[in-house]
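Two complexes are shown next, each including chain A; its partner changes from chain B in the first to chain C in the second.
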Partner chain A sequence: MKIGAIAGITFKEAKRDRILYLLFFFAAVGIVASRVLAVLTVGDRIKIIKDVGLASISIFGVLMAILIGTGLVYKEIDKKTIYTLLSKPLHRAEFILGKFLGLVLTLFVMTAAMTVIFLAIVYAHTLKVEAGLLVAVVYIFLELVLITAVAILFSSFSTPILSSLFALGFYLIGHLSWGLELILKKMQPGTGRSMVRALFMILPDLENFNFRTEVVHGLPIPPGIPLSAFFYGVCYTAFILGLAVLIFRRRDFI
Partner chain B sequence: MADAIKIENLKKSFRLGFIPKTREILKGISFSVKEGEIFGYLGPNGAGKTTTIKCLLGLIFPDAGTIEIFGQPHLSTRARQALGFLPENPYFYDYLTASEFLAFYADLFGLPRDEKEKRIARLLKLVGLERAADLPLRKYSRGMLQRAGLAQALINDPKLVVLDEPLGGMDPLGRKEIRDIIVRFKDEGKTVFFTSHILQDIEMICDRVAIIVGGRIVKEGGLRDLVSEKVLFTEVTVSGLPPQTFAGLGESVSARGDRVFLKVYDEARVDEIVGLIHDRKGRLISLSPRTETLEDIFVDTVTRT
Partner chain C sequence: MRAAILFKHATARKGSATALLVLFLLAAGAAVVTLKGATDRAVRTKLPGASIIYIPSGKFLKFATFGYRSLAADAIYLWAIQYYATPTIDDRFDHLDHVFAIINELDPRYQDPYEVGALIAVEGVRDVLSSTRDLSRGRGRGEYARSLIQAAFAILDRGDANNPDQWVYSFDAGHIALMTLKDFALAEMYFERCMKIPGAPEFVERLRANALFKKGDLKTSWETWLDIYNRAPDERTRKIASNHLYNVKATIDGTALEGEAAKYRERYGRFPADLGTLARTGFIREVPKDLDGKDYLYDPATGKVKTVISPWRR
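And then the complex of A and B:
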């Protein structure tokens, strides 16, 4: 109930943010422009439409999660609204979870709206509703949920600008960390290899959520992979949120 | 009577600055607020008033000491259920209307829908915002926001109301209304703990006060015990007589136009002056004995500390 109230107010606040609509506009332009891009391309045009469309949903969704998520907790502290909230019988963990769920709800609505535009563009080209594309969208959304948790974690102790940079760093590292796996395969056993392995284990691997290639090219998705990616996402999100709560619980609001 | 608030040996320091330097804000303060009383918490800027309130509300964690609210640890849910708080310069979600804003806070207490609606209507009436209930808070004046904040503090019908500068920024009429509301709380059996820079207001409505200076409580007690009824001096205004008439009678004699103003510390001399005015056919305009005020106590305490 309390978490729901915080989530509700967060949703109301987030949907008033102009940046959300600006990013949505650019995402829509990106999705629609994929059709123009396809016309200029030699080869399978529908693949270009699907690829650019999914990439737009992913990139603009991540920007929404970071730019709105990093300001949410900070704004409450900066404007001192948190004073009245925390004087009520509301645990700090409930506050963090409410903020998280409110933003996740906002992103769900936005992702759904972008997906509708995307499916409409695909339908205009193929005259088919391609439900299979939703697999990629679901995992993009799962990635957004994790990025939201990361944005809230940084927002709980840092300013929006720094938090945005940290969260963006997390996103970039998350998409490049698979390179460490390649390096590991080529390294000789020893201290260096152990260190790289440890780094690989700690760093996020956001490529786990990337099913775009398989969906766009109609490749089979190995069984078990979506399920393990789902658990990876849930566990990593829970871990990050736990960390945010841990930091937030002991924080003094001067 | 039980203690609504009991603070013992509360200490808090902050590490501030680029090269962190520890600054001790609360240096072991202790005081208690009895159930059902209006308690004024005074101190100059930077004395530690807001830090004390933040500790009480669980916004910051004390380095040492204990805080109890109605005998419960201050961070316990039961203590929070009994508490209502209005911060200084309240900022709220300005896109909400007053009704939505109060409904949100009611949800934090898990009030059932019927009870929630009844309570919101009653509170809007209490703070005089019934007609502005459907306006977004961003269209409110400062005084209206303060009233909305007060309504928010009362949404759970708390036994203890903590108000940080509730009268700041209000016009005289608004101040009187808020003062009346605070007095009504007492009649309803609520305990009120509040800070204010406007000492006359504190003097008017508080039962007891504590004065904090430099992170230490330097005075605590009943208002009647602290402020004596003793006359400090008497101000006499006379017309129709030259100032020289009163030479050597008052500690300070000044004249403006036809009027002479005297400040007399010795009460026995007041009768003498009144007799003189009568004999010389002058006119006594006013005679006002000035008793000690809370402001005198406050200024004296702060200056000496």
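And then the complex of A and C:
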């Protein structure tokens, strides 16, 4: 109940944030501009439209999650409203979870709106609703949920600028960590290899949520991968949120 | 009263300041547009190929694109199309294979770049050989054209390796080998590879048979056309196969007869008066007839043999 109330307030607060609409505007422009880009190609235009559309949803969704998420907790501390909140019978974990769910709800609405524009553009070209594209969008959203948790984690102990940089770093590492697998294949067994393997297992692998290529090319997604990717995302998010609660509980505001 | 006058003056000052600001903005805007136009009109020295020398390998870009590999492939492909469509860049073909290798590496299932890349290479060959400017820049037109053909095959071979279920790359490679390179053995090899891929159109087998003929393997060509004739699903295909069989037989017979006529000339100092002479003097067992049972036309002045009708007008 308390989590719901915090989430509701966070959603209302995020709704009033002008940066949200600015990013949404650019995402919409990106999706619509894919039509112009497609004209420049030789061959399959719809492939360009799908690629640019999905990338716009992903990139601007991540920017929304980072730029809004990193300010959520900090703003409460900076404006001293945290004192009022924490003086109530409200657990700090509820506060963090409420903030998280509020932003997730905001991102859900934004992703849904971007997806509607995207599907409309695709429909204008193919004259059919390509439901398969929703698979990619669902996993983009799952990635956004994880990034939101990361943004809130950093926001619970750092300034918005640093939190944004940390969260962006997390996002970039998440999309680079698959390279460690290539390094592992070239390493001789030993301590170094074990350490790299441990790093590979701990670091986020956001490529798990990337089904864009398969969806755009109509390739089959190996069974089991979407389900394990879904649970991977849920567990990683839960872990990050747990960490955020742990840090936030130890913070002294006086 | 005094306050009203002051207010009036202040309002007038504010109004004139706004008007000045608007004028300033208009002037600045006009200046920007004029300067932009003037800058664009100025002819700038172009450093040939400078725009692509820093393009890294696809393997590196795979990391640098942070999960947006497909989007990066689109962006480079779109850029490549504009780049290769700019005839003023003389050395644009220098890194053709490299540019398309990057696109292929980033998105191996993206079909268009393989075909378009190979097409650009073939068009490049024509440009290099026909341009009044030396696009090879001293490396020799023939050598440069050969390197472009190799680039076309490299791109299509990559397409084939990355998409073994797609017949179109072997088909395109065979077509280039047949029509541009005139390497009929290579064309036959590609068409044979293409035929083995499920979904390949049936006419590829006919192209292979034709490549075999042009390669000079008349026996295999005859057998292949005969097989096509026997398995023809429709009258049109049967007619095409029949015409080619007629042509192959005429070529086999013609080559043999002209060879014997040449031997006759070596012995008697002149070509035989007719083909029957070759049979009567023991050079051949009997005078062959064409596939329709008609006599070949023979020119005693040149010793050349030809059919009474074009194989394609039977």
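In this section, the second predicted complex is superposed on the first by the 254 of 254 C-alpha atoms of A that agree within 3 Å, B and C clash if a C-alpha of one lies under 4 Å from a C-alpha of the other, contacts with A are read in each partner's own complex, and residues count from 1 in each chain.
Simple rule for what comes next: contacts are C-beta pairs under 8 Å (C-beta built on N, C-alpha and C of every residue); 3 or more make two chains touch, one makes a residue touch a chain.
Since the model is a prediction, treat every value here as computed from it, not as a measurement.
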Original post:
Given the superposition on chain A, are chain B and chain C in a clash or a fit?
Top reply: fit
**OP:** Examine A:Ala5 and indicate which partner it touches, taking first as chain B and second as chain C; both and neither are also allowed.
**Re:** first
**OP:** Examine A:Arg197 and indicate which partner it touches, taking first as chain B and second as chain C; both and neither are also allowed.
**Re:** neither
Original post:
First (chain B), second (chain C), both or neither: which does A:Lys15 touch?
Top reply: neither
Original post:
Taking the superposition as given, does A:Asn210 touch the first partner, chain B, the second, chain C, both, or neither?
Top reply: second
Subject >> Which superposed partner A:Leu219 touches (first chain B, second chain C, both, neither) >> reply: second
Subject >> First, second, both or neither for A:Leu40, with chain B first and chain C second >> reply: second
**OP:** Based on the superposed arrangement, let me know which partner A:Leu176 touches: chain B (first), chain C (second), both, or neither?
**Re:** second
**OP:** With the two complexes superposed on chain A, say which partner A:Lys88 touches: chain B (first), chain C (second), both, or neither.
**Re:** first
Subject >> Smallest separation of CA atoms, chain C relative to chain B, angstrom >> reply: 29
Subject >> Shared contact residues on chain A - chain B and chain C >> reply: none
Original post:
Of all residues in chain C, which touch chain A in the complex?
Top reply: 63, 66-71, 73-74, 77-78, 81-82, 107, 109-112, 115-116
Subject >> Touching residues (chain side chain B, partner chain A) in the complex >> reply: 14, 54, 57-61, 77, 80-81, 83, 85-87, 89-93, 95-96, 104-105, 107-110, 149, 152-153, 156, 162
**OP:** Flag every residue of chain A that touches chain B in the complex, lowest number first.
**Re:** 1-2, 4-5, 8-9, 12-13, 16, 79-90, 250, 252-254
Original post:
Which part of chain A faces chain C closely enough to touch in the complex?
Top reply: 37, 40-44, 47-48, 51-52, 55, 58-59, 171-172, 175-176, 179, 206-207, 210, 212-213, 216-217, 219
